[in-house]
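Two complexes come next, and they have one chain in common, subunit A, joined by subunit B in the first and subunit C in the second.
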Partner chain A sequence: MREMNQIRLGIGPAAFRIASAWRQPLEQLSGLYQDYPAPTDGIVDFTVRLEPEKPWRRYIRPSVHIGGDFWLPDAAPLPLAQGLLAAEMGMNLQMALGWRRHLLLHASSVEKDGKALIMTGLSGSGKSTLSAMLAERGWRFMGDEFALLDLDTGNILPFPRLISLKNQAIGAMRQVAAADRFGPEMKGTPKGDIRHLVPPKPAIERMDESASPALLLFPRFGHEPALRAMGQSEIFVRLTQASTNYVALGKAGFHALTRFVDRVPTKAMDYQSTDQAEELIESLWNQLP
Partner chain B sequence: MMRDARSLLQALREPGSVEALGNDQWPELISIARAESLIGTLAHRLKDVTVPDRVRAILQDAAEAHDLARQQALWEADCARRALADYPGKIVLMKGTAYVAADLAAGVGRSIGDLDIMVAREDLSVVEAALLDAGWEWVKPDPYDDRYYRDYMHELPPLIHRERDRMIDVHHTTLPLTARPTPDARAILDSAIALDNGLRVMAPTDMVLHSIAHLFADGDLAGGLRNLWDINLLVRQFAETDEEFWTDLNVRAKTHGLIKETQRALRLAARLYDTPVYRFSAGHTQFSDYLYARRLLARDGYGRETRKWTRFAFYVRSHWLRMPPLMLARHLWTKWRKGGKSLE
Partner chain C sequence: MIQKYRAAPTDDLIWHALDSMTLLFHRPSGITHMLADPAPAILEIMADATLSADEIASRLAAEFDIDSGGDTENIVHARLAELSGLGLVERIPV
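The block that comes next holds the complex of A and B.
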């Protein structure tokens, strides 16, 4: 069989090998990830494979099947123009199905003063955009997809991969971030229009630096600004749903999550604009012990 | 670039040999081991060997994942035991769950998916009703598939538990009814060995022969390296503890009509895993052994399936083994008209 092109990427504690039948997605990846340190010894945790769905689909209407060490049987292939997205989805899939060294929360996170703000919620809640916005306003970006909860220390570790901007968020970020930080615009993906954004420098330079979780928010975009208290059992259950490996970690996952829910102040937050959200967040942040 | 799965065999056979691997080779070995569902086994085999830090972490993850899988498999078996508490017949655990329940070497680090049990054929409807009553449901509501399972297969259509989302396969023998060998299901139940909790596992020779039947008389050798590794460990352990094992295995293979398959399995286990086998039981080397080995090793350092034509040939063979030609034609025709995939 044909050799594949491959590159290696280190993101936070995880290292990946991305093998692809085509050069293009890898060239885009290497460009966008150029400031990330390569895995020191070349050894990686996961392999992602981007392959033609059928042999002839390498050339004719090229269609990218996402495979790798961990995979889903029903993953839909993507056109080659969305190869970068396929690679990112492949890496997320490896983490979601294979990572066991931390409890994985499907959440964005940012840090200030050594303390982490974690935002989780359904897609469309705005958690990813909020983390990207806050990262341009004095917070350190830690991740827009996964927050890694350390099973021993209870700290949050960064997983600052490229920020995946969707639909209106693309335009909003274009106004605050330099043009050379953006990847190619991908229209009409299964998740709408997508454009990747390289996180700010400090996010990459300090990607091994954990932070103590100080505040958990369940943001909801499009409603009158408001903060609401939530019951601990509701928080716990929603976090088990937001975790991709809670069940796989067994007892260790249960202990880490109960400790997290016990210690971290939590609010549901409704908002209609980044400014409103920032104001609400600052008000909560200033009251923290 | 690793072109086949040979490096995985080498690592499993001689764990110390991995110390010579370069940093570029480790990710390839790990991809191959994951693709062949042997990463947990590899983790166990490399426990005392010096490996790079990140590899150690990966192996540690795999070992922990399999500890949990083991616990879940035993729990699932116990759920079935409780659901069938009123059933007076024998319930025999099969495959991975049996290996861990009986605390065999083959269970260490082994991946375990569904729960497989075997009961007497005449009791299938009682057992099925009890499981449905306890929360299991049909996975395939398709009437053709359902009929097919009931008329021609060695198991009921798969059931899934509505709360725990775990599958159970209820067998009444070890090979499809349409396969050429006809194992003696009654004999398997008669000699099954009781565990402390009242569940049973097959007697050693039957356990080996079931694994052999599954790999060489049914299916297309997918996941074959893992199954052959099971056979390797079972044979090693049983032959070491019982000097009559080889004689018994031979007698029992006759009973089940699996002489040729047994010889083939032993030759391949010896060839790929250095299993010490009694030469008389293994028969003579055949050219086709080379084809089997080629098929079993068809995996490259990216974790990709390779040797498409060899794979396809074994896929065709699996249907040939399973059904007489006319029936195969009818089956494929029905499946094609339905636009569905072939029955696995």
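The block that comes next holds the complex of A and C.
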């Protein structure tokens, strides 16, 4: 077997080695992640491998199988043109299945005044797009996919990977972010049209800075703007569903999550546009202690 | 023969009250249970003692100033069956 090309990336507290049978996905990754530091000691937490599904599929209708330390046997291979997506999915997968140092919440997060706003919800809730938009409006972007809850301090750590924009969010972000921050447009992926966006510079420069969680929102796109109170029991259950490693962390996860639910004000938020969401968020933010 | 019950050892349980429910983390299994009233009160009353359902019902009635009788006992029986299924209560052969 031919040697694979590889790069190393440090993203927040996690370090990755991405190895690929093809150069193209790594060249795209290197370009988009050029401002990110390499892991200082060269030691990585996870390896992601992009390999041909079968040896001949390296050249003929090349198709990328995602491998690595952790992998799902039934993950469908992607065409080579979507190799960048495969690498990003591979990194997500390693975090979701393997990370144990923090409680991992499937949520986006942004920071202001040292305090973190965390947004979680189902796919399509708009949490990713909202975090990307707020990052262009004075907030520090911390992550659009995973918020890492520190088991000891209760703080949120950034995991500011590339922002994964889907469908209409691509056009919306094109209007506010410089063209050189965008990756290639990938049409018709299993997740729809996808285009990656490099987070604003402060997100990368300050990716080791945690923030105290100050507000948790469950956004829901496409409904009349409204804020709704939620009971602690509902919040707790939905956060366990949003965490990929709550069960694996045992008692430490229980303590971290119950403390989070006790301390962090929470609302369900319906909205139809970013401007509406921003207005609702600012009104809540200004009332925080 | 009267069926007796014993709750999981108190040292194995970590309690946390939420607004409308009570969380119970069971250390040996690593499972988080979410309990509605009166299940937490039943476990609390049982502590580390071995008790029959009737004894639990009368202790509950005394503690919470409710009428002891058919209803309370039926409810206690039903909750004990559920808690046994969850591994939080053990049936003790007498």
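Note that in this section the second predicted complex is superposed on the first by the 289 of 289 C-alpha atoms of A that agree within 3 Å, B and C clash if a C-alpha of one lies under 4 Å from a C-alpha of the other, contacts with A are read in each partner's own complex, and residues count from 1 in each chain.
FYI, a residue touches a chain if its C-beta (ideal position, glycine included) is under 8 Å from a C-beta of that chain, and two chains touch if they have at least 3 such contacts.
Note that this is a predicted model, so its numbers are computed, not measured.
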item	value
Simultaneous placement of subunit C and subunit B on subunit A, clash or fit	fit
If touched residues of subunit A are counted for subunit B and for subunit C, the larger one	B
Which of subunit B and subunit C A:Leu72 touches, first, second, both or neither	neither
Subunit B versus subunit C as contact partner of A:Arg49, first or second or both or neither	first
First (subunit B), second (subunit C), both or neither touched by A:Gly231	second
Included angle at subunit A between vectors to subunit C and subunit B, based on C-alpha centres and rounded to the nearest 10 degrees	60
Which superposed partner A:Phe254 touches (first subunit B, second subunit C, both, neither)	second
Touching partner for A:Thr240 - first (subunit B), second (subunit C), both, neither	second
Contacts of A:Met4 with subunit B and subunit C, given as first, second, both or neither	first
Minimum Cα separation, subunit C to subunit B, after superposition on A (Å)	6
Common interface residues of subunit A - those touching subunit B in one complex and subunit C in the other	250
Residues of subunit B touching subunit A in the complex	1, 23-24, 26-27, 30-31, 34-35, 52, 54-55, 57-58, 61, 64-65, 68, 71, 300, 302-304, 306
Contact set on subunit A toward subunit B in their complex	1, 3-4, 6, 15, 17, 19, 39, 41-45, 47, 49, 51, 67-70, 98-101, 248, 250
Contacting residues of subunit A [partner subunit C, same complex]	231-233, 236-237, 240, 247, 250-251, 254, 258, 261
Touch list for subunit C against partner subunit A, complex	14, 16, 18-21, 23, 25, 27, 30, 32, 34
